[in-house]
Structure formats: C-alpha cells, structure tokens
Amino acid sequence: MLESRDSTEIVPTPAGVSTVTAAPGADEAAHRRRMPIGAWLAIAWLVFVGGAALLAPVLPIDDWKFGTFRDARDGWFTNGHWFGADESGRDVFSRVVWGGRSSLLIAVGSIAIGVLVGGFLGLCAGYFGRRTDSVLSASFNIMLAFPQLVLALTLVAVLSPFQEEDPPTRWERVRVMILAIGIVSIPILARITRANALAWSQREFVMAAKAQGARSMRVMFREVLPNVIPAILSIALLGIGVVIVIEGGLALFGVSVSRPDPTWGNMIAGEISDVQKQPHVWQAPALFIFVTVLALNYLGDFVRSRFDVRESAI
Amino acid sequence: MNRRKRGAERFADAPLDGALLDVVAVKTAFETDHGLVRAVDGVSFSLERGKTIGIVGESGCGKSVLSRSIMGLLPSNARRSGSILFEGREIGDAPADVMRDYWGTQMAMVFQDPMTSLNPVMKIGKQITESLRYHLDVSKDYATETAQALLQSVGIPEAKRRLREYPHQLSGGMRQRVMIAIALACGPKLLFADEPTTALDVTVQAQILDLLQAQQRERFMAMVLVTHDLGVVAGRTDDIAVMYAGRIVEKAPTRSLFAQVRHPYTEALLKSIPKLTHPSHTRLEAIAGRPPDLVSPPPGCKFAPRCPYAQDRCLTEEPPLLDGGIPGHEFRCWFPVGTEAGNEALARNLAAGTAAAGQPVRVEQDAVVTEAVS
Amino acid sequence: MRTIVRRLIQLVVVIVVVTFFTSVLTRLLPGDPTTLIAQFATPDEREELRAELGLNRNVVAQYGSWATDFFTGDMGTYYAGTGVRGEDVYDRAKIALPKSLLLIFYAQVVTLLIAVPLGVITAYRAGKRVDRWANTVAFGLVAIPAFVLAALLKLYLGLEWDLLPTIGWIDLTDDPVEHFRHAAMPVIVLAVGQIAVYARLLRSDMVATLQEDFILMAKSKGISNRRILWRHALRPSSLTLLTVAGLNIGTLLSGALVIEIIFDVGGIGSLIYDAINRRQYFALQSLIALVAIAYVVVNFIVDLLYTVLDPRIRSARIA
C-alpha cells in the first residue's frame, strides 16, 4: 500500500527472522553495564566463522573440490573428515568453511549495500522531510509492495540465467546475488533509518545546529547520523542473519551459486530431495547457519538494548 | 452458583453492631531496586456502617496505597502487616481467592481516572452486567435491566442507549458516574472513593460528590473518601484523618478538625486553600519543601523539616498519636497549634528567624511563611 | 466509504506499477531472451517469437499488450526448445494457487492457535521460570531457518519414524484425512517460525496492558484472574499482534514458496522452481506477477480488517 506503516516498529523481514524476539539476558545485562557471557560467546563464534571464511585459502584444510571416492558418504568423524564426506568423497568441513566464504560474502555485501544506500536515503527522508520524504517514502513503499524473496529470486534468475553451455561462475552469481538482495534490502533499511532520523531530527540539538548556520548536509551527518547508527548497527547484524537464510532459500530455487562451488545454502539444497541419504552433508552447514544466525540475533539485540537505555530515563 | 453460596455462607453470621471496618497498625512497604519503600507506616482507624471517613494528604503520603492495602489490591512486591477486620473477621492476611468473595460484593472501589479505569474496548453495559452475572448468578436480561436502572440512578440520561456505548463516547463526568454504577452494582457495604473527582472539571466535581453522598445514604454504606483536597471532605465526611509520610498526623470528627486544628500540617493545608473573601492578588500559601524519602526516612517527626513550629525535640523524637485533652480528636505533635506550647514554639522560631531544621520562618502579609531547607 | 474508494484506487495504482516492473523483467536478460527459451529454434522462428512477445516494441507498449493479455486470463505459455508453444501458464497456475493459499491459511491458523495462549500465559507469569524458558526457546527457534526445520522434520518425522508423509499433496475433496496428513509437515514448518515471534509480541503488549488501571478495576470487581486475562486484557493487547499477523501474510507467502519445493506441494512455488529450471522466463514473469498481485491484495484486505477490530479506530474514522 502507498501508506506508511511507520506506526508499528515491526519490520516485515523475509524468511521469518524477526527483530521482535528479545535475546534472553540481554536487557538485564545492559542494565548491569557489563557484557554478558552470551555477547562474548556470540562475538567469539562470529570471529571464528568470519576468520575461517576469510583465511580459507591459507588454512590447512582439505581441498573442497576434489575428494577420493574411497571416502564417499562417510559420516561424522570418520577417516579424518570431521564432518564426513559427500558422495564424491569431498571433505564436508572444508566445504562448510569455503561455503561460509561465499554465504558470508553475500550476506555482508548485500547488507552493506542496503545500509549505505538505504541508510543514506532514509537519513535524507527523515531529516529533510516534506517533499523529499514524500517522494522517497512512496518509492520505498512501492518497492516493498513486492514480496522480497520473490523479487530477489527474480532478479538473480534474470540477471544471470543458467545456460548449459555457459553456466555462470561462482563470482558472477555471487555478484548478482549481492546486487539483487542488496536492492531488495534497501527499502527496509531506508524505512528504519527514516523513522530514527525523523525522531532525532526533531530534537533541540539539531535545531540548535541549524540555527548556528551549519549547512543541512553537515547537520545531517554530524548531528543526526551518529544517533541513528546504533539502531542501524542492530538491524544490520540481524539483517546479515536474514540474508544468510535468504541465500538458502534462493539455493532451493536453484539460483544460488552453482554446484560444485559450495555455499551453506546450496549444500543443503543439494540434499533436500533425499534427506536420508547422507544427512551429515546438509546437517553440518545447517548447524553453522543456525549458530551464526543465533549469534547475530543475540548481538543485534544486545546492541539495541544497550543503546535503548539512553532513551528510557531511569 | 458456587460463588453465591460461598458468599452467603461466609457472611451469614456477620454481626450487625460494632464497627464495619477496623484497621489496626497497618503497614505496607514495597520492595524496589532502591530499597524498601514504606508507603504506609502504621495506620489505625475504625469505620461504622453508614459513616464516611475522609483521608487527606498530598501526593505520595500513602493515602491511595492505604485504601488499596485495606482492599488487598496490591502488586506482588508489596509487604503488608497489621490487622484488618471486616465485620469482625480478619482479612489482612487473606489471599486473593478469599478476597475475591469480598471484592465487588462486600467492598468496592471507585478509581481516580475514569478514562483509564474503564476498559476501552468493552461496552459499558457489559462492564456493569459482568459483575452482576458473575456474583449474583442472574440471567442476561435481568442483569441488563438492572444495569440500566443503575445508570439511571447515578444520573445518566438515556441509560438504555449508553449500555451499548464505549467509554470514549462519554464525557469525563459521565464516565465517573459509570464507574460509580459499576462499583455499586452488587451492593457493597464499604466503598472506597480514591480521589474520585481529581480528574474531573471543577463544575462536575460537586455533582459527583453529591451523587456519592446520596448513594451512600440510600444504601447505608460506609465510605472511605481519599483526596488531597480538604475542600472535598469539608461538608461530606463524619471523620477526617490527615496523612503525612505514611502516618496519620491528625484524626478527628470533621467539625472538630476544622474548629480546633492541632497539627501544623493540617493548619498549613487549611491555609493553602484560596478563599473568595481574600483580596485579589493575595499570595497563595504553599507548603514549602517536599515530602520525605520513604526508603530511609529521617528520625523524629517527618514533617519537622517543613514545619514553622519545629523545635529541636521534633528532629529526634517522633511524637505519638494522642488525643491531648480533646476526646475523639487525636494528633501527633509536640507543639500543637493553638496550645501554649505551640504558640511559644512559633514565637521562638519567628524571633530567631529559623525553625529547628534550619528552614527560614517569617511573617508576610499576616501569614507565617517558611521556605524549604536547601 | 470515501476512504475505501480512495484505498481501492491506491490498490489499482500499486498493482499497475508492480505488474509493470515484472513485465519488463525479461528485458534484463542478457542478450536475446529467445535464445534462452527456444535454443533450438531457427532465426526466423525466433523473430516470430520476438514479435509475438512484444520484445521489439518499447517498454510501455510491451506492458500494454502484456497487461491486456494477463488481466483477461492469458498468462502466456510454456515453450518447447524449438519455439513451439506448450501448455498455458494459466491452466497450471489455476491449480497451483489455491494450494499455496491454503497452506498459508492453515499455517496462520495453527500459529495463532498456539501463539495466543502461549503469549497470554507468559505475560501472566512474566519474569517467572515459564516465561524465561519460553523466551530462550523462542529465541532459539527464530534462528532456525525454515528449510533447515523442513529438512529435519522430513528426515525424522517423515522418513525415520514414518509419522507423516513427506511429499505430495492430496486435495481436500479427494480424501480429507490424507489431505491434512500431507499438509501437516509444510504447515508445521511454516507455523513454527512464526509462533515464537507472535507469542513474544502478544506477551509484551499484554504485560503493558496488565499494568493499566482498568485491569485493577476489573480485579476490584472480584472476577477471576483467568477471566480478566482472556476477556479484559487480551482484546486491547491484540492490536500489534494482528498488525504483524497481517503484515506477515506477505512474508509467509514467500516462505511458503520455498517450503513447497521441499515438500513437493505443487503450488505456485513449485511452478516457479520449475519455470526457472526450464528457463521458461516468460512463464516465470507471469507467475511472479501473480504472486505480487496476491501479496498486494492480501495486504489490502488485512488493512481493511483493522478498522473492524478496534472500536476506537472505527469511531475515529467516522468522526
């Protein structure tokens, strides 16, 4: 609809992950002004996964592309494979690490686009108001009139179609996915930024800055933006988790990176028609997705509750 | 059905003479992150059927907590002690499911703000008939008729139409009348009116108070009228208890209280009421300073830091509630107003320019004025 | 009445814009689309195809002809590799769409049936053990992606323990029992994802409502806590929940499409998967347009329903 839904703080997020569920222990911890153990665990996991993904080429792990048929379909912890091997004997742990490389790249990349473009547009809409806001908000609402997963799906399918003779490379698909999901996430992030910018722009210190003759852009960046950043950071963390799951959804439609290049999503999608055959092959990436999303949700919530304390005067 | 039988059994042998309500040394404290807040710190009084007692005091003195303590409508972090006797039976330690037999049928409360105290998404008729059907086990039609009659008796015109309306469709005064109707629906013996007119226009206030008085007389109810406004209780109560910092500082039959004020706080309250007979631009007399911290209250008399009569003794020794010579009129003061000791104390303070806690005292425009201790 | 008309106009405008964008999607395909859908056709046949599909004209004209076709029931056709026309998209969509919608409907019902009592109970016992456990579990559940849950259920509930069928769809009219048995797993997967969210949402609104004065007033009437919870506190607290439930139907639609593939339900999701696999980009276009319109229309209906719920909103609109 062309009307704004800003009266609720709930943002429709694709694939079911919501900003509503509060992290257990995050609020009390914020009040105690110490970081709870959960936050440390979450950060540790993300560092581990992110680090492994970044350093994959130099890590002493098996080759993800080739394996020995002798090991084919080995289960967990057999023959030196921590997570077992798939039907071609490839080491699943190594594939999970390399898969993380692709999945996380897509997730972080698309959220980065969303934050930079959407954040900027939302900031402008919230700060300048009136006509700028009307035009921008109308465009956001039109973009949001599409179901997001479906839009991303279509964009990827169309921008890099699969052809037998010339299948898209991993990098082509990754690039397209970052672009497509990034575009889809722009209106959501823009809406949230706009709401925050609107609230902060009406505070006195912004008026004071303007009254001192500061140029609009400068005021926007120096006064409003710093206050909006915590909310954006929180949503960005949650968003990365959401995109990891979206990648999975796209993989199920067959438009993620083509096999044999692994992503967490396509490793699961590859087994989905026969889950019983070699469950460890999809259970390993599924576990990684779960823990990573959990960690991101916890941190995102933690950031939000930490900075919300400023608003609720005790 | 069970409910009605239980109620009938429980109240079958209620004594008809003696006080309806006996409140004995009731204390209520709240456990909070900042410590134990002593909202009510030892209050006692008695109330007979058909009589009205006014509880007066400024915000935060504990008067609302008191009425809720007696009814038992406290949040889970409240700690109550003392004894509350209703018709001779102890209810001070009764759990909620016992009290539910009392609420609505034996005692009821009219709340301060009718806009927030009425369910905004429930029709008015339903809010009344719910009590009736739940407690009295009557048919829907009978309940609706009774509700209509109730609305008429509280002075709401077009009662039948109002039954189907929602609270936001009525004016503030009407809403309060509805609240009164709800409270009276099952014919309680004791009514608590917790600041019933504070949220209303001045013009409507008198009407509501008149209504309460009329209903009380008709039903021979006992009523506890809680307010911060002495003017509200002036002609409408039999007794008045003035509260400060969780304690009663003066208690007397109404006439006696106004005729012979004894406690400096009560005197200050009386003086702060603006009078039509004063010349224009007369300075309004406020009571300087703020109520004490209820978590760790200072020793001695709680009012001493704001009292123009205060002497050194007041800062260390808390005066007990005694009747000091006038039967039925109790007060808690070492240097009461209108006594020799009190007058001397005031004169001493005026001469010195300050009272015991260091607050400045002087005379301005024929009135004694103090300031807050900074 | 005037507001409804205004909103209807908005609805039409949005549908036009949305379908316009879907109709030009094929222009984004690199190169000539006809080489993709009809790889084995001759250049002449391709030229015919291009003319037929309006690819030679400008964007607006293409949309115009596409729209007139689409809204009169011609959703295009599937093409064989040689450029020959196959079955109508409409025929397949006609069967598929009800399945998808039914799935979403069941999921929403199941979710609410479980989430509402859960929300009420955790609000009533806020801060106590039940509440804290529920919160932790909810937090964990939200992190499980739907397709992972689907895979898990498929493996354990379906194959290992053989409790429910894992693939396929039986129509309600054919065999009600089997219908529900086959629908069970996809519905469970869709519902679980939402239950945690809805329950927490309701809980937080109810906790706030329970602190309101009118709840104390209801208590002072002597009615039981259970009655207060369900008859007094629930209704004013349910507004946010219903707002989100309404908004969520759209995202549920997207989620359902993915689940359909996993459980081979044969709904619109399965059709889309099929179209992508067979590179039928024009069929895909029509299907996407269909989904987008359904999304928009559903949101519109939900919007209208809000006014019915809260009498304050209703009066405010009339006033």
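By written order: A, B and C. Residues from 1 in each chain.
Just so we're on the same page, a residue touches a chain if its C-beta (ideal position, glycine included) is under 8 Å from a C-beta of that chain, and two chains touch if they have at least 3 such contacts.
Treat the numbers as computed from the prediction; the structure is a model and nothing was measured.
Engineer: Determine the shape of the graph in which chains are vertices and touching pairs are edges (line, ring, star, complete, other).
Structural biologist: It is a line, because the chains touch in a row without closing up.
Engineer: Looking at B-C and A-C, which one has the bigger number of contacting C-beta pairs?
Structural biologist: Result: the pair with more contacts is A-C.
Engineer: Could you state the distance in Å from the CA-based centre of chain B to that of chain C?
Structural biologist: Each chain reduced to its C-alpha mean, chain B and chain C end up 56 Å apart.
Engineer: Could you please state the distance in Å, as a whole number, between where the Cα atoms of chain A are centred and where those of chain C are centred?
Structural biologist: 21
Engineer: Quick check on chain C: which residues sit in contact with 2+ other chains?
Structural biologist: Counting only residues that touch two or more other chains, chain C contributes none.
Engineer: Provide the residue numbers of chain C that touch chain A in the complex, in ascending order.
Structural biologist: These residues of chain C touch chain A: 7, 10-11, 13-14, 17-18, 21-22, 25-26, 28-30, 36, 132, 135-136, 138-140, 142-148, 150-152, 154-155, 159-160, 193-194, 196-197, 200-201, 240, 243-244, 247-248, 250-251, 253-255, 257-258, 261-262, 272-273, 276-277, 279, 281, 284, 288, 291-292, 295-296, 299-300, 303.
Engineer: Under the definition above, what is the set of chain C residues touching chain B in their complex?
Structural biologist: Residues of chain C touching chain B: 212-214, 216-225, 227, 231-232, 235-236, 310-312, 315.
Engineer: Would you pull the chain A residues touching chain C in the complex into a rising list?
Structural biologist: On the chain A side, the touching residues are 1-3, 5, 8, 10, 12-18, 20-24, 142, 145-150, 153-155, 157-163, 241, 245, 248-249, 252-255, 268-269, 271-272, 275-276, 279, 282, 286, 289-290, 293-294, 297-298.
Engineer: What part of chain B is in contact with chain C in the complex they form?
Structural biologist: 71, 73, 96, 99-105, 108-109, 111, 113, 116-122, 130-131, 134-135, 166, 168-169, 179, 182-183
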